[in-house]
Amino acid sequence: MSEPVYRLEVLTKIFDGTLTAVNGVDLTVRPGEKVAVIGPSGAGKTTLFRLLNLTVRQTAGRLWIAGQEIGDLHGARLREMRRKIGTVYQQHNLVPRLRVTHNVLAGRLGTWSLPQALRSLVRPREEDLRAAHRALSQVGIPEKLWARTDELSGGQQQRVAIARVLLQNPEVILADEPVSSVDPTLAHGIVKLLVELCSTFHKTLVMNLHSVDLALAYFPRVIGFRDGQVAFDRSPDEISDDLLTDLYAGRLTSVSAEDSPDAVPETIRSGTPLLRPQ
Amino acid sequence: MRPATLLVPAGILALILWSWHGTRFDLIGLLSADGRAQMLTYVQRLFPPDLSPDLLRKVAYWSLETFAISFMGTLLSVAVALALVFFASRNLVFTGVLFEVDEAGRPIRIARIGLYVVARALLNLLRTVPHIVWALIFVFAVGLGPFPGVLALGLHTGGVLGKLFAEVVEDIETQPLEALQAAGASRLQIFFYGVLPRVLPQFLAYSLYRWEVNIREAIILGYVGAGGLGQQIQIAISLFLENKLLTLILAIYLMVTMVDYSSAYLRRRLL
Amino acid sequence: MPYPKPSEAALPSSDHSRSLFPILFGICFAAAFVGSWQLAQIQPGLLFEAEGRRNMARFITGMFPPDLSLNFLRFLVVPFFETIQISVMGTVLAIAIGFPLSLLGTASLAHAGILNDLEIAGSPGRRLARTLPYVLARTVMSAFRCIPEFVWAFMFVRAVGLGPFPGVLAIGVSYGGMLGKVYSEILENLETQPSEALQATGASRWKILIYGMLPQALPQLVSYTLYRWECAVRASAILGFIGAGGLGQQIELSMRMFNFHEVVTLILILFLLVAAVDFLSARARKAIV
């Protein structure tokens, strides 16, 4: 039995001494697992993710990644650890003015020295170009290799972000609301793409989702997160409507479903998905 | 009407009246029959412009010299600004997303902040000292001629551009940088992949705009002996050579217009 | 873990447009660089020669300690205020000159766009009558702003004598040209709908201007004018060098007499003044927007 990819012990993050975003979380994620995290906005999901991809340091508690405790890592060792974790953000992952190929190849920066990185910016190596092209094919847009990134649509840019993560070849992929800024008709396609890629390449996947339907449809393990803590941690068939109502309770009143991207979906749980999967 | 709403216009009016008095603004004198006649005579003396081939040849040379001062001065200023900007931008030196987790020890942190402070102070010094004072200093150091003009423009404008550049750098969105960092890139790599592509176009725009300002400044530097058309204007006025003065003014007008157009053209084309 | 395998298929080619522009630009730039290096007589070596270094050392040691005596500071009160006054009057004059010129020089008011199309249509005479003042105004503004204020100051000093007055005139005229041009641009870039609506009620161009365009444009106009005032403060200091009063004149006198410790004090005061003006102006601009 191999080491868990993530092990959290009473992990806590408090901002400026007053705002407790993550409150004593215990969690274990095994290699190859696919985990969805759902919950109302402001619950601390994004902070949890930033702790998991080493963008912020915890205030208290302990964190192990792939068996190694994250204590005081910095410098090259911190970067090495970061390289093992691939992140797909909601939007603005990419550098707009660069060509798609450079944004994709940026996934290799963790393994490149500075001169190598600079050289690639001026004139990428043949083998790197082929790898980037291959990754773009896997996400469905190989022809965009030399396009300028800001000329792509939102959905296409997310695919480029995924291609970059593929090139990075991490052990675990974290996706923080990867489809919240994407046309809803494309959301299924992207979530499915990530899930399938992780299965094919044996990677662990942890995804923050706004849409409960997507979580229940594609993930065997769903974690409800609220007020900085884990509310429940189950498989979809063990999740009742009551459980979901409690999770989002008290958050429905101030927001109308139509006008805010943070609004809770209209049907918390429906027998048929809101959208037809592609 | 609330007293507060009256306060501001009243204050401004008072400021204007005080300034009118203090500068001995003699509108009446200017517009009086006598004043108008004086100005008319002066303007008449300017015409016709002296267009003798000898003078035209010299004016062409001085114009090119002034152009050269503005061109090299602007290039030097860009070099100075680039050298300092990356130490003068907070988000590249000690704070922001690039420094959140990777905290170095206290002494290194203090050294970084110190570096930032020094860079900013240097930029401030460069831009506060008027370019004309710099020109005098350099005339002092290396003698008369266009070279001190180049140095003066380079240093003074370097300070101005450096501050503008730093503001651009400090304003960039952090998310693409965060994404690169999460993939394991080092700070320098993030700089080349994420920061530079974002800021270079704006740097270029500011530099081109500054070139338009510098062609005008290069002329005034001539007054303190830094060569070019400015020096000639001073001579023409002191020797009462009004026709030559008009020729010089026409040359200046052409030069400035040309640089303005070139700068606008390049900004359209390169950005 | 398997890397994405290198692809065997043909790669799309980078379509970096092979236009002529980069090459042309490179050649022009190189030529300008080499030519300018010669013309500007650039000799970096001079900076490091013994004589140069000695002079710089003399200058730097002469600066400290700065002259902060009460006598000197008291003496500087008048020039200090003078610099502020010159900048204020100069800006006021610039508005007085620039605003009317800008109205004439705004294409959408003079001869183009919806305000003028129907009126002009079919009458070349009327078109000329509208276009001529426009062209004249534009030329005048261009002349005013392309001739540096320093040259204007020189001429005005000759015309009205030394002191702050020629400085005011110089700034007024040259900044008038700048304000005029920018005011025109602001007015031309306004949304046309409000003007269209007013026109439909039968209002004349004047009324459309006063009721429609100006209220819309006011924040931008004021904002740019405040920015120009900041520049005017710096300009007044510099014009002082050629006798137009204020702190600049004092700097020139002190430098001429090699009293560098006075020069430092003056520069410090100038710095404080400019910082204060920048601050006030930024505050005011934020309050407007």
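Note that the chains take the letters A, B and C in the order they are written out, and that residue 1 is the start of every chain.
Criterion: a contact is a pair of C-beta atoms (placed from the backbone, for glycine too) under 8 Å apart; a residue touches a chain by one contact, two chains touch by 3 or more.
The structure displayed is predicted, hence computed values, not measured ones.
**Q** Which of line, ring, star, complete and other names the graph you get from chains that touch?
**A** Chain contacts: complete, every pair touches.
**Q** Which chain pair has the highest count of C-beta pairs that touch?
**A** Contact tally peaks for the chain pair B-C.
**Q** What is the distance in Å between the mean C-alpha positions of chain A and chain B?
**A** So the centre of chain A lies 47 Å away from the centre of chain B.
**Q** Hey, how far is the Cα centre of chain B from the one of chain C, in Å?
**A** 10
**Q** Would you mind listing the residues of chain C that make contact with two or more other chains?
**A** In chain C, no residue touches two or more other chains.
**Q** List the residues on chain C that touch chain A in their complex, please.
**A** Listed in rising order, the residues are 1-7, 9, 11-15.
**Q** Where on chain B is chain A touching in the complex?
**A** 97, 100-104, 173, 175-176, 178-186, 188-189, 192-194, 197-198, 201
**Q** Which chain C residues qualify as touching chain B in the complex?
**A** 21, 32-33, 35-43, 46-47, 52-53, 55-56, 59, 81-82, 84-86, 88-89, 92, 142-143, 146-148, 150-151, 154-155, 158-160, 163-165, 167-169, 234, 237-238, 241-242, 245, 248, 251, 255, 263, 267, 270-271, 274
**Q** So in the complex, which bits of chain A are touching chain C?
**A** Touching chain C from chain A are residues 99, 127, 129-131, 133-135, 137-138, 142-143, 145-146, 166-167, 169, 171, 201-203.
**Q** Under the stated contact criterion, what part of chain B meets chain C in this complex?
**A** It is residues 15-16, 18-20, 22-26, 29-30, 38-39, 42, 64-65, 67-69, 71-72, 75, 124, 128-130, 132-133, 136-137, 140-143, 145-147, 149-151, 216-217, 219-220, 223-224, 227, 230, 233-234, 237, 249, 252-253, 256-257, 260, 269 of chain B that touch chain C.
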